[in-house]
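Notes follow once the structure below has been shown.
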Amino acid sequence: MFQRVNIGNHFDLKTSVFQAPRRGIYSFSFHVVKVYNRQTIQVNLMQNDYPVISAFAGDQDVTREAASNGVLLMVEREDRVYLKLERGTLMGGWKYSTFSGFLVFPL
Amino acid sequence: MFQRVNIGNHFDLKTSVFQAPRRGIYSFSFHVVKVYNRQTIQVNLMQNDYPVISAFAGDQDVTREAASNGVLLMVEREDRVYLKLERGTLMGGWKYSTFSGFLVFPL
Amino acid sequence: MFQRVNIGNHFDLKTSVFQAPRRGIYSFSFHVVKVYNRQTIQVNLMQNDYPVISAFAGDQDVTREAASNGVLLMVEREDRVYLKLERGTLMGGWKYSTFSGFLVFPL
């Protein structure tokens, strides 16, 4: 999973979980790339233990395809936000995939 | 259509139209998911009555596919911004689809 | 390439290169649309001369498909950020494609 910017260290690199430092509206987006794999994948963006939005990549061709989505979320302090591969497998791991989030404004 | 955050109530839930509370640069993005449908869909992001950007989903396989795009827009006060399904039909409705926007900075 | 908003004129319309006016965290996203073309394309987001993230569109059907991705980047003053078509060709040019960026917060 591509991760370069981590201001405040609220994204845990080991678990890939973002934990909100404060209450507010956050923008999250992700692009999860499926490589050489005929399976359909479903990726959920999770807030605590609940799925908020889903994205799918189901092309049967042998190629790279992304499951992408994005959302504005009302997040409470210490909420955890992370991606979950709900269906399918990522044969090539999370290479080329990105997950981004930032605070749009505090509440 | 997924809609959870609506600070200021500038997004009309009945019509799915966002009306800008003030002049500024806004970021908009959308992911419209086509489910089990061989048609090509075209989704336009409309500002007032004009299409600004388009996205397409045309895969012939029986699967879920998203028409996604995003843009920064200069928006005048009371401009209306909304999605329009220009071509094709969404057999499963707007399930899984998202439409997000926020003010990047005021002008 | 769709380009409507250019506050500060830091995006060079001739070269399609964004040059950062100041140090900070920027959000960049792009959607590059492939039209009627069976080739696989790879689009890289470049920071100075290095690829940061990639996106792919490889569907073999005769249709429109987008290579999309987005990322938060730590950018130094005068860094150049731009898109590069790493593989394949865009027969229809950059029509329907978008490239957006904005400063999330200064550092």
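Per-chain residue numbering starts at 1, and chain names A, B and C are given in the order in which the chains are listed.
Note that contacts are C-beta pairs under 8 Å (C-beta built on N, C-alpha and C of every residue); 3 or more make two chains touch, one makes a residue touch a chain.
Here is each chain with its UniProt name: A, B, C = Cerebellin 2b precursor.
As the structure is a prediction and not an experimental result, all values here were calculated from the model.
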(request) Determine whether chain B (Cerebellin 2b precursor) and chain C (Cerebellin 2b precursor), two copies of the same sequence, contact each other through the same residue numbers or different ones, counting it as same when over half of the numbers at the interface appear on both sides. (result) different
(request) Rounding to the nearest 5 degrees, give the angle of the rotation that lays the CA atoms of chain A (Cerebellin 2b precursor) over those of chain C (Cerebellin 2b precursor). (result) 120
(request) Measure off the straight-line distance from the CA centroid of chain B (Cerebellin 2b precursor) to the CA centroid of chain C (Cerebellin 2b precursor), and report it in whole Å. (result) 20
(message) Where in chain B (Cerebellin 2b precursor) do residues touch at least two different other chains?
(response) 27, 29, 59, 68, 70
(message) So in the complex, the part of chain C (Cerebellin 2b precursor) that touches chain A (Cerebellin 2b precursor) is made up of which residues?
(response) 25, 27, 29, 40, 52-56, 58-60, 67-74, 104-105
(request) Can you check the complex and tell me which residues of chain A (Cerebellin 2b precursor) touch chain C (Cerebellin 2b precursor)? (result) 2, 4-5, 7, 27, 29, 31, 33, 59, 61, 63-66, 68, 70, 96, 98, 100-102
